[in-house]
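Should a chain be cited, it is by its letter among A, B, C and D, assigned in written order, with residues numbered from 1 in that chain.
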Amino acid sequence: MIKVGIVGGTGYTGVELLRLLAQHPEAHLEAITSRKEAGMAVSDMFPNLRGRVNLKFQDPAEAPLHRCDVVFFATPNGVAMQQAKALVDAGVKVIDLAADFRIKDIPLWEKWYGMTHACPELVAEAVYALPEINRSEIKGARVIANPGCYPTAVQLGFMPLIEAGAIELQGLVADCKSGVSGAGRKAEVATLFSEASDNFKAYGVAGHRHLPEIVQGLSRRAGASVGLTFVPHLTPLIRGIHATLYARLTKEVDLQALYEQHYASEYFVDVLPAGGHPETRSVRSANFCRIAVHRPQGGDTVVILSVIDNLVKGAAGQAVQNMNILFGLPEATGLQQIPILP
Amino acid sequence: MIKVGIVGGTGYTGVELLRLLAQHPEAHLEAITSRKEAGMAVSDMFPNLRGRVNLKFQDPAEAPLHRCDVVFFATPNGVAMQQAKALVDAGVKVIDLAADFRIKDIPLWEKWYGMTHACPELVAEAVYALPEINRSEIKGARVIANPGCYPTAVQLGFMPLIEAGAIELQGLVADCKSGVSGAGRKAEVATLFSEASDNFKAYGVAGHRHLPEIVQGLSRRAGASVGLTFVPHLTPLIRGIHATLYARLTKEVDLQALYEQHYASEYFVDVLPAGGHPETRSVRSANFCRIAVHRPQGGDTVVILSVIDNLVKGAAGQAVQNMNILFGLPEATGLQQIPILP
Amino acid sequence: MIKVGIVGGTGYTGVELLRLLAQHPEAHLEAITSRKEAGMAVSDMFPNLRGRVNLKFQDPAEAPLHRCDVVFFATPNGVAMQQAKALVDAGVKVIDLAADFRIKDIPLWEKWYGMTHACPELVAEAVYALPEINRSEIKGARVIANPGCYPTAVQLGFMPLIEAGAIELQGLVADCKSGVSGAGRKAEVATLFSEASDNFKAYGVAGHRHLPEIVQGLSRRAGASVGLTFVPHLTPLIRGIHATLYARLTKEVDLQALYEQHYASEYFVDVLPAGGHPETRSVRSANFCRIAVHRPQGGDTVVILSVIDNLVKGAAGQAVQNMNILFGLPEATGLQQIPILP
Amino acid sequence: MIKVGIVGGTGYTGVELLRLLAQHPEAHLEAITSRKEAGMAVSDMFPNLRGRVNLKFQDPAEAPLHRCDVVFFATPNGVAMQQAKALVDAGVKVIDLAADFRIKDIPLWEKWYGMTHACPELVAEAVYALPEINRSEIKGARVIANPGCYPTAVQLGFMPLIEAGAIELQGLVADCKSGVSGAGRKAEVATLFSEASDNFKAYGVAGHRHLPEIVQGLSRRAGASVGLTFVPHLTPLIRGIHATLYARLTKEVDLQALYEQHYASEYFVDVLPAGGHPETRSVRSANFCRIAVHRPQGGDTVVILSVIDNLVKGAAGQAVQNMNILFGLPEATGLQQIPILP
């Protein structure tokens, strides 16, 4: 059994990690920390876990994280970079669900995240781990940068065309819609039910932190600099991201065949039949990404639709998938639940 | 492996049965029927099942139901009573998720359901199967009447007080709230998103078909006739029933201890600590019933709060639980998924 | 034109007062205060008011409240009682939308609200103003205690039976469901979209502050002490309260005729035809209360269904109705918008 | 008073017309027709209208439409084209809220709408009436083609840039999100609460009927053929359209100034301050369009955000605005209600 610790488990990625790991046949939850809620039973905060998770939140200073095989950071940005080094040095694998190790360009990271990076040396070593793109790099990693939710949906959507060299690399558009859980479990007026329900809006059009992460990922794969306009929107659903992607074709390709072949052996990526429209609920609570590709009116604009559950494939599920890879388990171990519909 | 057939799988209880059975370690889906959708791949209708359920809907006449070990009827009322006899005679267990076998009093059933019963002889034999109440009767049954959603939440809520003889049997009130999936997957104006969202209403106050079912169940257990006012409401959530139950105490009891002891050995019934308020989402997508009991201001009115997922403990999950009992499996087999929250 | 001031306009009752008063033909908004947001344009906080309300929030110390004819307090409990005296002394009418002047029994108020009352002398004078019950008392009042949202729906629902002396006064049940806006525009985890959406729960079963308010109102009218069990629930809609009321009949009455006659001349109370089920959306954004009365199976339990918009008839709309009465205007002035449906 | 008739008032544009016209100071509702519901009181179908609209649905054959000054068609596509001619000949103005008179190119219309046009002669005469674009043409019209919901939001969003000649006319992208009421009040599985709630999806990517309408409008104004990719999405809100528009700049312009000046004198179009993000709820139930314009990272891609209430500015409100123009009334007559928020 893999001994697992979770740092900062009081948010939505935390409870989702708990749900997945408590049902994982090869993982054992050793500790979960929260400075603020130390001493509280986890299931008092998350009643879905009653009878299934008997841990209490522990003060980070007292939790036996160094005795774990792997520690997940489900913390705000800026926490993992403070604590990862000591764990890594103690032989503990680190999987950060926040953004601390995602951007290789430290000054760029510091600009977007508004803080000085505390551990640049681990950034270089850390593996940005989107298994369907760079599975082989993940296996031996000591520090995993788990991708952001939007970046997962967008990169999986664009990647086949990027790799095929079939689109203009400038002028890409990612029009993305997220459920409200993506904003986390923080007390804020903007995400109150009475504000976010029966309402739809864009946000961060001038610039969102996931933009440099997506650009880095696409550019690396393209071998050239990519130009992207990224517009996130808040939509009144709890879970789900729908990315609608636009690119201009530069050569004739059989789009459907390209996507089907690209993802033929990927358990977690499902290419819909031609003409399909993936729904966010078709992946609700599960680690799948479903994708459809369209070429409206046979023009030169290709439209890709890509959906994930932001808390699963966009966060906790992908983190567990990465853990499975790190420990040599079949990649889908503990991640095979069927999505909940309706 | 138990060979399973499903009759009429195009509704919400159908897809939920498929989700649960496809993940059940001891069940194998043999056939699913739909007169209307014969030939269509199940996963074309329910995209959450893509890659997991490869069956096509079959015409009932052609499906190999007689070779199954058990057949679930996820059909409208009045279908199972036509077909159950032939299956039972062929040695196939029948679990009806509709109401055909729930009411022992045939004229009463015919009054509430507005049709002549086609198979009264099986009604007498059928077991109304709410495992936490009459587990032992279920084991040898040939025909299972799976309880309705409201009746499950209400009976589990009242039962400890009924068995303790601690309340007036007249003047009981069950104020129940249901998510919209309880109305099924039928094209109807009243359950359109634009009608049911951001809206709350009572319905069927003059009389709802679950009333005689609840009264029958409570009266049988009380050994006396019970008087109940039952008011169902439609609430804008997909899944979930919240029953708020009111009764007048006739003697002093330690309510918390009564409930905890009554359900101490029940895996699927969770009594919250004193002062608790169960939320429907704490059982979303899972087979649990969570209950809290209150005595406001120490008066003689007791308030019981009981929540289930109407599609799971209120339908498909309880049906699988009953299947497990019928076939001698541990009762929680295939039903241990943790509820989805948020 | 009536010169109007609003103290504390950054919550939902505040924006609703602004919406109603900005469209009121006889009112002129003079000032709106907020200590925290002083200097901010009101329409920057509430974009629906862009182009219609050009006020800025003012610091309470600087706002010309004493020059107003009437000041509304849309503040948390405990604020109006600090400031009302000075305004009243200056000849300004005060309408408090919070609870400071609702409960005549000061120790009872102090127990439920957990603070010492700062102005008991005005409590005695203040008129608890539910126009359909005590319109005549309102006319000459200097201080108006605007009723709470639940109390409005519950009292309007029970009143015809109370006045007819047709029910047992003990054992009343008010099972109430509220939209989330009733919890206000405060940053709290419990009312986040991801917590409150697709979820239903009871709260405050042990005791809610609206209980003594309702009991006071019903008892006064009954001329005897009333016993009530009050269970509020949170339901995933923005606006709306649905009260489901239960009482035991003590004599034969024509319920439908009783209700129709009782409210025959009330513009804002609509008694549905026999058998009706009022929906919360049928009063969304408007000052109406719609009521239906049922006697299921002809038994001795009467069920009353009563719906209001908690922000309008349950708060800002009723406050404007009270203002109209205070200033001798037709009661429906500025309150005649048709509810929004769908 | 303008005598008004409505043909086909049982849908959402019908009830919205009724709500607006019943509150319109210069309009009088003469008749409303429905073949199916003839004899039913309008307020029995739409309880928000109780006490405010006392009409009954009449059979179209019996309704005094010819005595009206104006008749609105709130009917499915293909109805108005059958009946408009007779009304026009009788001197009655016709405002069609469906698509019968929107597309000037008859074969194109017939291709997209799948039927033969019954009245091509009126198509040539009809005015496609988006007041902010072609107000002057509307005044003398006999037949008004009221624009579609998506086309209203998209055209108002693109128009300043189109008229300024500042963008590439090929490669435009309109990524649009609609509330579910846009699908109408038809009993269909796809728009059930349990299907559309907590879910997000694109639809009609291969081709949606509003595409040729938008292209016609933009091209006419551009004086050249426009190339547009239009992707509509269904989002779980009742009312609201959010159009996110993408175009490539071909010359330097002060975007904020361009938009502010373009709409400076338009009562119903509100350009937000620079950096703004309009929310659909900021126009809920009102006839406004709110727009913001962005140029992320100073690149050559401009992003326009445009929101309307699909039932008001996208249908019934714009129809009333057009009626006001036709009859020489101030354009905002009866359309000045403040949006409902929250």
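The rule is short, and it goes like this: a residue touches a chain if its C-beta (ideal position, glycine included) is under 8 Å from a C-beta of that chain, and two chains touch if they have at least 3 such contacts.
Here the structure is a predicted model, which means the values were calculated and not measured.
Across the two candidate interfaces, A-D and A-B, the one carrying more C-beta contacts is A-D. The interface formed by A-C recurs in B-D: of the pairs listed in B-D, C-D or B-C, only this one shares over half of its residue-numbered contact pairs with it.
With centres set at the average Cα position, the gap from chain A to chain B is 36 Å.
Averaged C-alpha coordinates give centres for chain A and chain D that are 39 Å from one another. Residue positions 12, 179, 181, 185, 194-195, 197-198, 236, 238-239, 278-279, 281, 284, 342 of chain A are each in touch with at least two other chains. The part of chain A that touches chain B in the complex is made up of residues 12, 15, 19, 22-23, 46-52, 181, 185, 197-198, 238-239, 270, 278-279, 281-286, 290, 336-342.
Within the complex formed with chain D, the chain B residues making contact are 12, 179-181, 183, 185-189, 191-198, 236-238. Chain C meets chain B in the complex at residues 171, 173, 175, 177, 179, 194-195, 197-203, 205-207, 227, 229-231, 233, 235-240, 242, 244, 246, 248, 275, 277-281, 284, 292, 294, 296-297, 299, 301, 303, 305, 307, 342.
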